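Below, each structure is written out as structure tokens.
Common to both upcoming complexes is chain A, partnered first by chain B, then by chain C.
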Partner chain A sequence: MRVLRLALWRLAASLPTLLLILAGMFLLLQLAPGDTVDALMAQMGGGDAALAEDLRRFYGLDVGIAAQLWNYLMRLATLDLGFSAIYGKPVATVILERLPPTILLMAASLSFAFFFGLVLGVIAARRVNKWPDTLISTLGLIFYATPSFWFGLMAIVLFSVYLQWLPAGGFGDITQSYTGIAAVLDIAQHLVLPTFTLGLIFLAIYLRIMRASMLEVLSLDFVRTARAKGLSETRVVTKHVLRNAMLPMVTLIGLQAGTMLGGSVVVESVFALPGLGRLAYESVVQRDLNTLLGIVFVSALLVITINFLVDILYARLDPRIVSGS
Partner chain B sequence: MRVLKAYARSPAALIGSAILLALLVMGLGASWFYPNDPLGLAGRPLQWPGANPRFPLGTDPSGRDIAAQLFHGARISLLIGFVATSIAVVIGIAIGAVAGFYGGAIDTALMRLTEAFQTVPNFLLLLVLVAVFGSTLQTVTIAIGVVSWPPVARLTRAEFLSLRTREFVQACRIQGLGDVHLILREVLPNALPPVIVYASVVMAVAILLESALAFLQLSDPNVPSWGNLIGLGRSVLRTEWYVSAIPGFAILLTILGVSLVGQGLNDALNPRLAGGR
Partner chain C sequence: MTGPNRREMLLLGAAAMIPTSLAAQETPRRGGVLTVHFSTEQRILNPSLQASTGVYIVGGKMQEALVDLDAQGNPVGVLAESWESAPDGLTHVFRLRRGVTWHDGKPFTSADVAFSAMEMWKKILNYGTTMQQFLTEVQTPDPHTAIFKYERPMPQGLLLRGLPDLGYVSPKHIFETGDIRQNPANNAPIGTGPFKFVQYERGQHIIAERNPNYWRENMPYLDRIIWRVVGDRAAAAAQMESGQLLFSPYSALSIADMQRLGRDPRFEATTRGNEGNVRTNTLEFNFRNPILADVRVRKAIAHSLNVPFFIENFLGPFAKPGTGPIPSVSTDYYPTSPMPQYGYDVAAANRLLDEAGHRRGAGGVRFNLRLNPAPWGEDIALWSTFIQQSLQQVGIRVEIVRLDAAGFLRTVYNDWNFDLATGWHQYRSDPAVSTTVWYRSGSPRGAPWTNQWGWTDPTIDTIIDNAATEVDPVKRKALYADFVQRAQTELPLWMPIEQIFVSVFNRRIRNAGNNPRWASSSWHDTWLAS
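Moving on, here comes the complex of A and B:
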């Protein structure tokens, strides 16, 4: 219960941050040349000034910027993100349609990077300065240096074009209408390459952090005690070291939630996934600033939610956090 | 001197420096090696590397020399990486130093701002900035700097928090030295080493951000950028994959070089951490 209260307190503390982001973004977008009405008029093929005047009044753009900001925040409080002139739908609807692929992709990439980062980091630390360590650390450096979109393209060339093992893009086979298990398998198959592509750099980061923190924890006194008790090395690592060594990695998940979401913009465009990231790219190209603002809002919410979950996880792993405060 | 020696002993640092030096020569000598406009028409499009001795790395879908774009792209990548990193480091140090040195309400306010920047995914913020201010070389470089400073600010703040109560700082305070002197002359030099090491990470991220932006064709289309070329290669990926493969490899090598130099600096500046593990 105390864990939850602590996490909720942190959640409440992020509200001013969210407000700051929204106000900042809103003011920033005021600097953009042209507004929603201009975009709309351009799409309609132009119109006279009187029509523009009417439309501006309709979209609430005829009042001062401070009043517009206030109205915007008030509407946000009721989760009304405005209307997308490009998609002809409420922004909230557009975003909600695009959210599942992104969340699925992020969850898959995170699991992939976390699991293999952990395993490789442990192996490297156990064989420190021997060849497995050198190999894993070198691989980590190379993975870190690989631009994700380039890795994605090369993976398409190898696995989709030459070997023809996996689909090159999309979120499902549109020529078939699968149901049940078949549909799940179909989506999973489409997510394999994007998951590796997005997860690669995080795998590199996690394995490096895991290796360093394993080495740090292995040198502590309680590990020597555990060894002196006659525990086998495997038991020492799994029962005593792992839990402590994982803490920096868990912290990193929260810190990098935003980076991962940003990375999905690129990965989703490479693999033509209909997700939030691709929507962000499309709204930049189409100058749909209303939708862009909505995406920033939803992304910030997503990052805050992930950090909330990480806080709970962290407190579970390290009881000192709760009892200490 | 000791730092320099330790740096020269690290194989990581030597390999990294060699890569960066080669890139620097490529970038600086680009106009000498390839005096013609790298974005100008050079020959028949889509010639495979090695097929024509005039184009050792082949030509792209518009018939432009890939090798020439590679050389001129090195200049752009290094330039953007260096300038954007400088911007990020200067903003980060300024905010982190003031927050860490003064603490209290100023600290809270500045850290709220930093948190706000970290809560918005940096690539998304970059897209917004490009959408608002356009995508010329200058705006893209500044935008990358503006989205990359928060980790630098956090790091600087942490260093300042631990340094500001040290005795040498208190001694200077008793001598009646002003805050500006304390921050710039006393605390900052001691806080700098970890920040310099971290600058290599910022630079790697900056180069990756630019190439990702250029790949999406949202960066300046009038400069020869590696990311741009990768994006152009997408349309012919199924058959002429080398168009995308070659510049991507160049980016990989660059980031590798920057990371290795960072690692070498880290080992040289924190000798206690090196060797032992």
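Moving on, here comes the complex of A and C:
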């Protein structure tokens, strides 16, 4: 019950931010030259002026900007995200279709990055300035410095073109129709490469944070006390150090949920995944305002939710942080 | 229009021809799934409402037009069996094929043709609205005859060359109620074609399956066609190599990948089957800038660009120098008389610029210009950089302004906020359909790919108007020669490079590229070797 109240309070507090983001986004897009009819003309390869005028009326672009924004906010008040110009369907439907691949990809890469970042960070901290630390830190630096699209393409060349182990892209094998377990395995197979590609950069960040945080905590007084108590080194690390060192990692998850939504544009494009990132990119290029604002709205909700969960996790990791205060 | 272009095939080597001749002797195999690269998702799939290659590549397999082009590029009946035209060009009679049914089982009749022509081609279809603007009615004396009536003469050649692209028929019984643009059948086409729509997952794929009731006996051969949405060019090339894709149409891969896959024995990269889809690279001048309003400056700019060098080093075997607004593959209208040309000649360029009064100032710079390249196509980006560097040599400093599609169209064709622009002119079978609008004055502000240069020339306007209604093919060709002559003399824009789109096929595909608009055509005779 307290959690629910906290959740509602959090949501209410984010409403003004959300409104500002949406209005700002709307106005920002007005600054981009051209509208959705221009984009459609580009796709059609030509059309006369009367046709363009007719289309502007069809897409509701024949009224002023203020009126368009007002219409949009009024519709949003009734939770109506409007109609997508490129997809010819309600925006809510379009986004719901695209949400599962994005969330799956995000969850998979976050877990991957978090888990291995943690393990590698701990190893590096335990063997600080010895060869495992140097190796892990160098690898981390390489992962961090390499653009993810390049990683993705190289992974495709190696695993799909040469070794032929994994599919080169897509969210499922459409030449076959799988059901049940086979379908799940099929999707999992298609997500392996994108997960690694998206996860590697974040893995690099996590392992560096974990290493630094471990080293810091290891030098604190209570660790010395724990050692003085005669606890084994493993016990000191798992029971005392790890828990405290995890706090910055958890903070980072909350912060990076948004980054990951953005980073997935590249990965989704390279692996031809039908996710939210690619949808956002297409909406900008096609000047499909309704869809873009819908995505901003949903992404904002997603980030708020994740940060909320992070807050709860905080309280569990460190009882001194009382949620709700 | 020529058939498969022999020059291009020779260019790509004899190897390209062997599988085709072999294919002709093999017995077609039934079955198989053809996976096709779909690079840009479209808003609709209905070719009666949107004339673009991205729509034909999908909708063209499900819906059919009255006529298509045969291997030699001549009109051949599809839903129309035969046609005749009155000598005055005001009446054209189409006799329709009997026993054809829509995918939902309803019979195809002349009412469908009349509805498509009057409500779709004339009112909504881009390019169709121009071509059919003088169509007054379509009479349907019986279910198998459609009589097109025009208020001004419509040359038969223009109509028949326009219809393969602009003559797709949609079912009247599906579209007659409600808003045509919002009809769900626009994204789940119901046609008469060899393949029936199954599923469209946005961002992922479109699936169509064999139409068992297709009017051509024992066709089509393929069981299914799957279009996979792959936006990233490098990823698409990898999917071609891994076999997830079998065909990538319309130059959707990078130039380097097309050349690389073309050398791989598993693939064929060719312009064959795209002869009906020619484009020229343009250089557009804004006459509102007084510097560019001087024809000497425009000619000097043209003389400064070494087009053959650019083609050889950047575009490879898929391009050649252009000679004017009508590309050389258009044998019906390509002028036989010599046209004014502007070869690479830096000395001439410098002389012309001096004559125009633009002496070199500080740092050798004569004046500054902005160049807006269109965002489609790798070649345009390369070409714009080449222009920038070439013009520097003659003392013109160029600033490149890159925008996305919507931004480019708005800035150049509506706001006129540019000095130079470069993009593609896509030639669509007849100059009156696609080309003369680039030169004719009086185009409303904002209409893309039309004369928005601030240039008005009554001479060329008269030639264009006369040619559009001239029913005698010989006189029509002569008028278009005059048109090109005038266009190349005044040079309101320049079209120095001619390119045919490139298809990359997996060699398992048979009968690939066997007509000049193959990627857009219905693929009823396409089959897959095992």
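The definition used in the following text is that the second predicted complex is superposed on the first by the 271 of 325 C-alpha atoms of A that agree within 3 Å, B and C clash if a C-alpha of one lies under 4 Å from a C-alpha of the other, contacts with A are read in each partner's own complex, and residues count from 1 in each chain.
Keep in mind that, in the parts below, a residue touches a chain if its C-beta (ideal position, glycine included) is under 8 Å from a C-beta of that chain, and two chains touch if they have at least 3 such contacts.
For clarity, every value in this text was computed on a predicted model and none was experimentally measured.
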item: Contacts of A:Met41 with chain B and chain C, given as first, second, both or neither; value: second
item: Touched partner set for A:Leu27, first chain B, second chain C, both or neither; value: neither
item: Which of chain B and chain C A:Ile65 touches, first, second, both or neither; value: neither
item: First, second, both or neither for A:Leu261, with chain B first and chain C second; value: first
item: First (chain B), second (chain C), both or neither touched by A:Ser269; value: both
item: Which superposed partner A:Ala188 touches (first chain B, second chain C, both, neither); value: neither
item: Partner chain(s) touched by A:Leu153 [first = chain B, second = chain C, both, neither]; value: both
item: Which superposed partner A:Gln164 touches (first chain B, second chain C, both, neither); value: second
item: Touched partner set for A:Arg287, first chain B, second chain C, both or neither; value: both
item: Chain C-contacting residues of chain A that also contact chain B; value: 32, 149, 153, 156-157, 161, 269, 284-285, 287
item: Chain B residues touching chain A - in the complex, by the definition given at the top; value: 112-113, 115-116, 118-133, 204, 208, 211-212, 215-216, 218, 227, 230, 233-234, 237-238, 241, 244-245, 248, 251-256, 259-260, 277
item: Chain C - residues contacting chain A, complex; value: 33, 35, 40-44, 50-54, 124, 126-127, 129-130, 181-182, 186-187, 201-205, 207, 224, 226, 228-232, 234-235, 238-239, 241-242, 244, 376, 403-411, 414-415, 426, 434, 443-450
item: Interfacial residue positions of chain A with respect to chain C in the complex; value: 32-36, 38-52, 58, 85-88, 94, 97-98, 149, 152-153, 156-157, 160-161, 164, 167-171, 174-175, 269-272, 274-275, 278-279, 282, 284-287
item: Complex contact set, residues of chain A against chain B; value: 14, 16-18, 20-21, 24-25, 28-29, 31-32, 128, 141-142, 144-150, 153-154, 156-157, 161, 212, 215, 255, 258-263, 265-266, 269, 280-281, 284-285, 287, 289, 292, 295-296, 299-300, 303-304
